[in-house]
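Labels A, B, C, D, E and F are assigned to the chains in the order they are written; within every chain, residues are numbered from 1.
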Amino acid sequence: MRPSGRELSELRPIAIETGVQRNAEGSCLIRVGGTEVLCSASIEDRPPPFLKGSGQGWVTAEYGMLPRATTSRTRREAAAGKQGGRTVEIQRLIGRALRAGVDRRALGERQIVVDCDVLNADGGTRCAAITGGWVALRLAVNKLIAAKQVLGDPILDHVAAVSCGIYAGQAVLDLDYPEDSEAGTDGNFVMTGAGQLIEVQMSAEGAAFSRVQMVQMLDLAEAGVAQLVSAQKAALG
Amino acid sequence: MRPSGRELSELRPIAIETGVQRNAEGSCLIRVGGTEVLCSASIEDRPPPFLKGSGQGWVTAEYGMLPRATTSRTRREAAAGKQGGRTVEIQRLIGRALRAGVDRRALGERQIVVDCDVLNADGGTRCAAITGGWVALRLAVNKLIAAKQVLGDPILDHVAAVSCGIYAGQAVLDLDYPEDSEAGTDGNFVMTGAGQLIEVQMSAEGAAFSRVQMVQMLDLAEAGVAQLVSAQKAALG
Amino acid sequence: MRPSGRELSELRPIAIETGVQRNAEGSCLIRVGGTEVLCSASIEDRPPPFLKGSGQGWVTAEYGMLPRATTSRTRREAAAGKQGGRTVEIQRLIGRALRAGVDRRALGERQIVVDCDVLNADGGTRCAAITGGWVALRLAVNKLIAAKQVLGDPILDHVAAVSCGIYAGQAVLDLDYPEDSEAGTDGNFVMTGAGQLIEVQMSAEGAAFSRVQMVQMLDLAEAGVAQLVSAQKAALG
Amino acid sequence: MRPSGRELSELRPIAIETGVQRNAEGSCLIRVGGTEVLCSASIEDRPPPFLKGSGQGWVTAEYGMLPRATTSRTRREAAAGKQGGRTVEIQRLIGRALRAGVDRRALGERQIVVDCDVLNADGGTRCAAITGGWVALRLAVNKLIAAKQVLGDPILDHVAAVSCGIYAGQAVLDLDYPEDSEAGTDGNFVMTGAGQLIEVQMSAEGAAFSRVQMVQMLDLAEAGVAQLVSAQKAALG
Amino acid sequence: MRPSGRELSELRPIAIETGVQRNAEGSCLIRVGGTEVLCSASIEDRPPPFLKGSGQGWVTAEYGMLPRATTSRTRREAAAGKQGGRTVEIQRLIGRALRAGVDRRALGERQIVVDCDVLNADGGTRCAAITGGWVALRLAVNKLIAAKQVLGDPILDHVAAVSCGIYAGQAVLDLDYPEDSEAGTDGNFVMTGAGQLIEVQMSAEGAAFSRVQMVQMLDLAEAGVAQLVSAQKAALG
Amino acid sequence: MRPSGRELSELRPIAIETGVQRNAEGSCLIRVGGTEVLCSASIEDRPPPFLKGSGQGWVTAEYGMLPRATTSRTRREAAAGKQGGRTVEIQRLIGRALRAGVDRRALGERQIVVDCDVLNADGGTRCAAITGGWVALRLAVNKLIAAKQVLGDPILDHVAAVSCGIYAGQAVLDLDYPEDSEAGTDGNFVMTGAGQLIEVQMSAEGAAFSRVQMVQMLDLAEAGVAQLVSAQKAALG
């Protein structure tokens, strides 16, 4: 019934390759089906100005899309002179999601910037960015630990994300582009390794949705995130 | 237990005054406790370029905050030269929410722009903007109907929104600023008059939250939106 | 003879309501006929950089117009990415006008930012902004005095402004929008409570004007400003 | 008494050299004492969009300052990414002033852009720009007449401008930079060849000024503009 | 003698993988040592406005660098709100270089946009972008030929580029980052498959250079480009 | 054979007038045929941030074009809100060229900004800007020497630039606009007084060019720069 022939609760194949940007403190290329996102984590010695002297650090994210990640060419935001509304919304989400998994006091007065750049887009780029961004973050924090620049581990738990939606009247997991462009409702669930919720965003693109559908999507998401967390663990060896 | 002394499930007082911007096709000033948002709806004869020839119309929204709506002065975005990330995120939400309540084919090839400007901010401005913005939209569409510029009513149902959160460990309805700045989780629920969901956004600002808490917030939101819909009806007379 | 039926030397009804933005150190909503401007004064502890160490303070102003204050919707400047030429010109005028009524040495090394946002526009918005902006400024300075943060009163005198023009060949006071869009000459006069001149701007929009007409407009303005100063006093109680 | 030793009513030496930008339809370099402004007029076949089909033309102006026209280097506006408030204010004034001397219906549906770029600044640059800009405009319109592209002469009269001020308590004509930076009141008067007023801008930079001083400045301006108009005539041969 | 142990005239290993961006009409990932650039070619049905009706097409290029392609994180240009001077200079060079190898009349009234995004930077990114960009262009034009949208082959010859420099007093080929940051002179040579010159840019970063050194660099470049052209051929199969 | 009747190796008449911007530490107006560029050098007490504490100074350049320097009016970059790609490319070239002739350690921790503004454009503006910019720089450095603010002379040698091209199949020196717009190859050569090379830029605008043509252009450039250096010496007296 799904264009790809997947089961309603079936994720696309996942691959996470680490170390793809040699200069970064942490990096990976995450592939979720046809979606590919290059993620890096950069450690900066200073926190953002509003945290100076607070004893706390910060994690923030930036998101971009190569012009030809998409079916037709998307205008380059650097040439347009500003980041579009969709980009701003997504990078704020990634930043909030990753921060929720970090003990900012244990991180100390520094900032980690996670860059997520989409090389190929086939639906679910923001979820892939969160899942891959966390791997890059984990690798960068490992360097801080190895260098004894932090005491204890500032990372509290895994953070991963998956999309769900109501496609052809049924709740499905991990929408690809053909599904996403047809779905009546589109949802993104960010969760911890322990299965707690960090962020839920559900949006009716066509008809409004019901409590029952909301819970069905949540059920799918819980199972999907658990598999993504396993993939994160496998990639980190 | 709440700073304001309200019950966990108690909304703040609501007042909606219509017709406050004489030039607009529809307008109102909505007050939710100390939050005041001026909303207007402007009808434009042409749809956005991507809908030309489609037979469909569009509803979009813009959001702003007067510099001294806030405790300390917020820099004017027009002077800064761009809208901040928070503004972009909020106005996209308002636009999506209002569009979900409109039959865009019945609206015909025109655009309605809903402007929501916060005169005083005390928490929940995006929810007040959606609830008030819908009233302005309703009034503008009434003019189209009265002028026989549309056949049938392009508005499908009421749209209203309320915030919920986990404050001091308990789910509470309609957070004011003192609660919002302390809440562990913050959620916004946009619903129809019939009680269906249009948009759900929940975000852990401190600790992650559970399925149980998610459902508690949803219960509060359903009751809250029902009262807001009543207030919309009363304002429209 | 005037579209509104007013006498040549007749102001529109004036109302000034104070305290409309709770967070501001001073605020008011000024109504001059159909024109409504919300004014606030915000005290900042630091002067602008060019006055650091000078022992002097600064007063500056910003002006904005809600998109639907006007007959047809005006594009939001924050969305356009810059303030238009008219806005820049007006806010510079408001700032100069208010500064002229302040002893900047007595104010000390701080800045007061006066924001003037037009909720409804029906001609004369810059003059209403000056007249209302001065009330907000007065209220904010009263707080400094009450808190003994200044010695003596940094405010030298009232500042108020009114427009005049040549409409249908005759000098008239306080143009509303229908007059303004037809007037051959348009002038703005900013004066002190003592009747001295702070700023005069006269502009031939159609035919050039004569010395005699210039003096007639000045006569009208003197009488008009005197009434506005009385309204300021009444509002301050 | 004046730093330059000039009489109270004495203009600085004026020189206007035409044809300095070969490519322009009209151009001149105007020198007023140490102030030098290069002015050009460019004819564009199409009017601005808002005049399409109106049968009327438009005259507009842009103003710039070379970075080292000033005592210390001024940041290049193209590098800063926007025109400053002062620039915007001045170029709007120049445009209004020149338009007031043109019959826009006789000009027909075309636009003339007058560029005024300050090579050396020593006070009074906006007045020099208007006086020189009019010469460039006159030369460009002469080409339209010679080519029989207009019927009759779209130029109604000369337009020229001079500054006045209250310096050391006395009204003086044509302030240079040392006077301008000390003057209590600063005024700019734009007038026609026939001595009618087009624009008056007076601004108290220190103390407020009186009716009497306003009239003294006007008297000086009338005599000064008459001499500038003679210089325009001489330059045009 | 070279930090990498390479001979003076030795290129780094080259690898070109095609088809890496499924959506693009042509794409490749080019690796030159540690430098990796993802190149895509997008066909647009319309030429740029200045070529409308000319019967000619256009090829243009855009260049970007992922934030963590570099040793320390480079600020994202989309976030900064504009492309830096270096980016602008490089993308203009790539566009000129690729256009020089195309018969724009044979291409017809369409535009091909070549995007070059640096995933990892280790010197020579602009040369890699030209060499890889040409492969993407070739693939896209092949599609036009296969679809019979062009008559004949609009591509005249291969285009490839290599850097040379004076390092430690000697002319060397294909500078990597450690060499580039120390080199006294830095040059980029763009050539055709037939060995003709398209673009030469040589710049003394330390001491000025001589005619003799200029010719030595040219000799190295000729040999280097020949190898790059072979790699292009191999990649295209 | 050349449109101007010049010999293949003949420069246009050169004139350099110094002291044209009284406020600048150094300035000149350079005329090369119909091309006129006003150049100034401004000394700033502080180096750019990246050189703070390095003991070294910096020389940078900015380039602009008056709107009507060109055949048809060019949009003002300050109004467009950014410098175009061509401007950025040129001012980076001027800066690199001038820096190459300066001992930045001898200059000490200060910055000299060289502004080059084109009053009339007839081909070769970037070369004229370099040649004239060096004269302005020389004059400014002379002031530093006279004021004993530097020890020794930070200027190492003359820097001057000339264009060459392949026009109608033959190498020619110093292209004017009619030649430039037809030339198959366009080159710019920046050289020292001693005849060493600082920057070479050659670009095939039509057909690719050969080694032989490259050397012919270099020969012409060497002779041309020698004459420009003589003109610089004459201007400095």
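Descriptive notes on the structure:
The rule we apply is simple: contacts are C-beta pairs under 8 Å (C-beta built on N, C-alpha and C of every residue); 3 or more make two chains touch, one makes a residue touch a chain.
A quick map from chain label to UniProt name: A, B, C, D, E, F = Ribonuclease PH.
Given the structure is predicted, the values throughout are model-derived calculations rather than measurements.
Chains that count as touching both subunit A and subunit E, per the definition above, do not exist in this structure.
The chains touching subunit B as well as subunit F do not exist; no chain touches both. Between the Cα centres of subunit C and subunit E there is a gap of 58 Å.
The distance from the centre of subunit C to the centre of subunit F, each centre being the mean of the chain's C-alpha atoms, comes to 50 Å. If you average the CA atoms of subunit E and of subunit F, the two centres end up 27 Å from each other. Contact with two or more other chains is made by residues 81-82 of subunit D. Each chain touches its neighbours in a single ring, whose members, counted from subunit C through subunit D onward, are C, D, F, E, A, B. Here subunit C touches subunit B in the complex through residues 20-24, 27, 34, 38, 40, 42, 44, 62, 64, 66-73, 76-83, 87, 113, 115, 117, 119-120, going by the rule given at the top. By the touch criterion given at the top, residues 82, 85-86, 88-89, 91-92, 96, 100, 187, 191-192, 194, 196-204, 207-211, 214, 218 of subunit D touch subunit C in their complex.
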